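Next up is a structure, given as structure tokens.
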Amino acid sequence: MDRIKEANRAVTTGIDDSAVKHWVTVYIMGKGYRVPADITIMQAMEYAGYRFVRGAGCRAGFCGACATVYRTAGDWRLKTALACQTRVEDGMFLVQIPFTPAEKPAYDIEEEPADGTPLLKYFPEVARCVACNTCTKACPQDLEVMDYIQAALRGDLAAVAELSFDCIQCGLCAMRCPAEITHYHVAQLARRLYGRTLPVPKHVLDRVEEIESGKYEDEFEKLLSMSREELEELYRKEQREKGGLNSRDASRVTRNGQGER
Amino acid sequence: MAEELKLVRGYPEYMRKSIERVEASRPRRLEEGPPPGMSLEEREELLKKYHPDYAPGGKRPLVAGPNKGEVAPNEVADLLEAYPLLEPGELELKVDFDVDILILGGGLAGTMAAIWAHEQGVPPDRILLATKLRHGDSNSIMAQGGTQAADKPYDSPTIHFLDAMGGGHFTNKPDVLKALVEDAPFIVKWLTELGCLFDRDENGEFVEEWGGGTSRPRMHAARDYTGMEELRVIRDEFRSRGFGLLEFYPAVELLTDPKGRVAGAVLWNMETDEYKVVRAKAVVLATGGFGRLHIRGFPTTNHYGATADGLVLAYRAGALLRDLDTVQYHPTGAAYPQQIVGLLITEKVRGLGAQVVNRDGEAFVFPLEPRDVEAAAIIRECYDRENCLVTPTGLRGVWLDSPMIEEIHGEGTIERRLPAMFRMYQRFGIDMRRDPILVFPTLHYQNGGVETDPWGRTNVEGLFVAGEVTGGVHGKNRLMGNSTLDCLVFGRRAGIAAAEYVKGKKAPQTVTLDHLKGFVEELRAAGVPEERRSPMLLPDYRGKRVLARMIDLL
Amino acid sequence: MSDKAVPSSAKASAAHHNASRVTRHALPYFPGCALKDQARGFEDSARAAMAALGYELAELPRWNCCGTVYSLATDDLMRHLGPVRNLVRVQDLGETRLVTLCAMCYNTLARSSRFVGADPERLERINAFMDDEADYRGGVEVVHLLELLRDEVTFEAIEAKVERPLDGLKVAPYYGCMLLRPREVGIDDPDSPGVLEALLSALGAEPVDFPQKAECCGAYQTVSSPEIARARVGEIVSAARWAGAELIATSCPLCTYNLEHHQVEREERETRHASPVTRHEIPILYFTQLLALALGVSEDKLGFAGLKFDPRPLLSDRELV
């Protein structure tokens, strides 16, 4: 255990200078800091002494809290990144945008028609899109943002859902858009509307009804009255006979994903 | 450090030899399948020897509070046996917000509680959700692999029950577990009706995958963004209903009435240092887990705010905890590159067929054992058999043979079913369709917590709990896909139960911090040093050099 | 959500979405937003009609909204990005011609193409801004389907393929503005156009001439000042009716909207051509629907369901459906 603890020290506590071999300089809101070369922007800011209140969330690229805008040395181009997923570069000139001012309109999804019309109703600014593609360039998830806004414009819910699915709502697109669209809100509504065009699969409806009608009550009564040994025995039997988990041919389990039935 | 080593497609050259061996053995391994699953006895033996929970020195008995004498990890005990951040005597407790239900925590569980309390008839302006970071910042949003629900004909809630029991070493609370598995299909139906986009096949039915320890495939996923999809849909619904919301306002202490019933909380604005007093007829605690405590020095999959705050607050108010002696280490956390060490590599990768392979290219364990067993097996391979890779920073790891997924399910599967992971590795120059990925166990889940009944009620009146902060439903080890389910099912139940509880009740007459008095005395009597304070609120990763030179002048 | 491929996470290159292989009789085709939504019948009937004539309308991959007349604001170069990006898509396919159906899209794309082509500096600045695309080199010709039918397919060829002659159906051809003005992009003489009449004759219908056939329907005034559209539509429809029209043929979803929507409200108002028949609803069809009908396309592909005034009673009287 101690060996594991030792090996992970840099990640679990602050970075120790003695372990660092290479350094770079990054500029955090204009101030230069010498930081270890091989870390993320987020780790670099912490190394430099910032303790995040805003600007850190999941630290794994899922929540969009650490949206960062930056330039690299000698390049006029504006770039975007997630601080937790991006390595520092020497000469990086950065700032964080932890919040995008964008109120979401309230709607009752059950009252809205499951087609494209609510999109223009709640977000008429979508029609201001000039197809400049700045949103796509700003997206740290490499999504084709303009394309999904264009799909929203013509009411193609399926295309919006497909193209916007991996959106983590970091807000960089909305901050950069000259037409002042709030793309991720449009996409969220579109996805929900699209979801409502897809019926709940029958097998789910059937099972819900079965449970509500008490189909499993007797079985559960038995289970809840069993001793630990009895449960263990039943578990062994279940896993061995029906699910195939203890079977030698476990490739059956993983190959078709369906197991035996 | 990477500049010294020559990288070939993202990996240091010296790792390439091992990767070649993995490639060489792949056709045979695809044909033969992995080693078979272990028997219950074999699992127990492995755990005893290699699982961090069993290694000595990591835990100690608590010296104060409702669970005095019971064992908890040191890092958790340090927080449970600690003095409040506030000076109870010096704080003016004039009420700023008066609500029926105060919800602490903005993940899946907290959001569900709000919506369902509203469904039960509590007006939205009488419900306040306070969260430490943003609404949505939680472990929930990072959940990748799926949500279990026994909704296919070949499956049933009783089988789901058994699977979870087995995974939990038969220590799960049966009535609570029954609620979990019985509500699951309804939750899936309800989410779908809200517009949640679970993966479907060409026939429109849900694609359901295997998980570790399950005897049927029943994992509902939305690519590998399952938690994010579920949470953003219910958060969108939350935002349309007009609830009170306070962000960056963690609770730093619960409030009680003179009878010891929970009556609200003291919230602290992390940006302005101002505190606010909330009086509530009921409090729903949905504050999540404790990964940022880095138990036993492990890296973690958890979000920035997972610091066990809720556990501490509930404990001080007299809530009974359970199963604190177990901690879930996810068997596959990223081990390379350094920038993503500890991050979750979802079990779905194994569910889709990737085998766990050592340095020599051999699959050494059945890939879908329950998580504790799987983690122990990897630790054994790395630190006992030493048949592992060592990264440039000294971490050890084994391979997860992701290219197998493309072989089994067809080209394009990884991009389609695991886009988040594919994207993450691409950012660091690694193509997981072509090369295996390096993994090692990482601190992942709080199996235990505040004990609850099937409706989220605790032994403290007025206190409801839901989600990762609770204990009992998963026993001593949680199965994949049961955590998001836990949050959804018990978030809903706690919301309903809290709504029922507050009906016809008057607001608490007085709010006090008196429940701290007895607890503090217990700590002093046990000799707990005064400097120890909790809740932690945020972990500290600032560079040591900077910390050594820091002075607080404002 | 069906289990289908997601776009790859690498930044997309210009033409990777379902780029149709453009074959000899496949025409790069720009639908425009309305044809995917409220004017689906226009596209469906056009596709079917062109198929009957041996052509494929190959939808341009990753096309975006043309921006309509707002894109033509000459003091705002940025607005030409929308139209020009579509021309780049055509260029990426190695093609030089883009076929449109919607008169508004035709007009916008054609005029934008001329605008950026007229001044090399404009083109350079647009290309420099669109650093995520190949440079637009100019030279893509924007063509309206009527031009294609007239000049390439020829009305004679069409006449030869007619299976269901329209039996002398009296159709008033309504051009609106966008097909004819300004002169540089007009497909016909703005004072006295005849292309729709020629097509209608080839189909066996009887084109009905009327003075308002090239007058504005009111266009976007319908949103902010609907009384203007109402007045215009009143004049147009009653003039057509007065001339004996049983149907009106158009080529623009906005014209169709106005002609349908304001026709009903028109009921009791005064017009220059006061006629007791102005109260009767006159169906507004896209010219492609008549083309498809005459070419023998089955009824389900004619898109009649989306129309406000159902032409089917009239057509079935004439045994055309």
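Going by the order they are written in, the chains are A, B and C; count residues from 1 in each one.
One rule holds for everything that comes next: a residue touches a chain if its C-beta (ideal position, glycine included) is under 8 Å from a C-beta of that chain, and two chains touch if they have at least 3 such contacts.
Worth saying up front: this structure is predicted, and the values here are computed from it rather than measured.
Should one ask which of A-C and A-B has more C-beta pairs in contact, the pair is A-B. Among the chains, the centre nearest to the mean of all shown protein C-alpha atoms is found for A. Subunit B and subunit C have Cα centroids lying 56 Å from one another. Separation between the centroids of subunit A and subunit C, computed from CA atoms only, is 42 Å. Taking each chain's centre as the average of its CA atoms, subunit A and subunit B sit 16 Å apart. The multi-chain contact residues of subunit A, meaning those touching 2 or more other chains, are 141-142, 161, 165-166, 194-195, 198.
Looking at subunit C, one finds that residues 1, 4, 6, 9-10 touch two or more other chains. Residue numbers of subunit B whose C-beta contacts span two or more other chains: 197, 200, 204, 222-223, 419, 423. Against subunit B, in their complex, subunit A makes its touches with residues 1-17, 19-22, 37-40, 43, 46-54, 56-63, 65, 85-87, 104, 106-109, 141-142, 161, 165-166, 168-169, 188-189, 191-196, 198-201, 203-205, 207-208, 211, 216, 219-220, 223-224, 228, 231-232, 234-236, 238-239, 242-255, 257-259, 261. Of all residues in subunit B, only 1-4, 30-34, 36-37, 39-40, 52, 55, 57-58, 133-134, 136-137, 141-142, 149-154, 156-159, 161-163, 165-166, 170, 174-175, 178, 182, 185-186, 188-189, 192-197, 200, 204-206, 209-210, 213-217, 222-223, 225, 227-229, 232-233, 236-237, 239-242, 248, 270-271, 294, 296-301, 303-304, 338-344, 350-353, 366-368, 379, 383, 393-396, 408-409, 419-420, 423-424, 427-428, 538, 540-547, 550 touch subunit A in the complex they form.
Residues of subunit C that touch subunit A in their complex: 1, 4, 6-7, 9-12, 33, 36-37, 62, 64-65, 67, 71, 78-79, 81-82, 85, 129-130, 132-133.
Residues of subunit A touching subunit C in their complex: 116, 129-133, 136-137, 141-142, 144, 146-147, 150, 153-156, 161-163, 165-166, 178, 194-195, 198.
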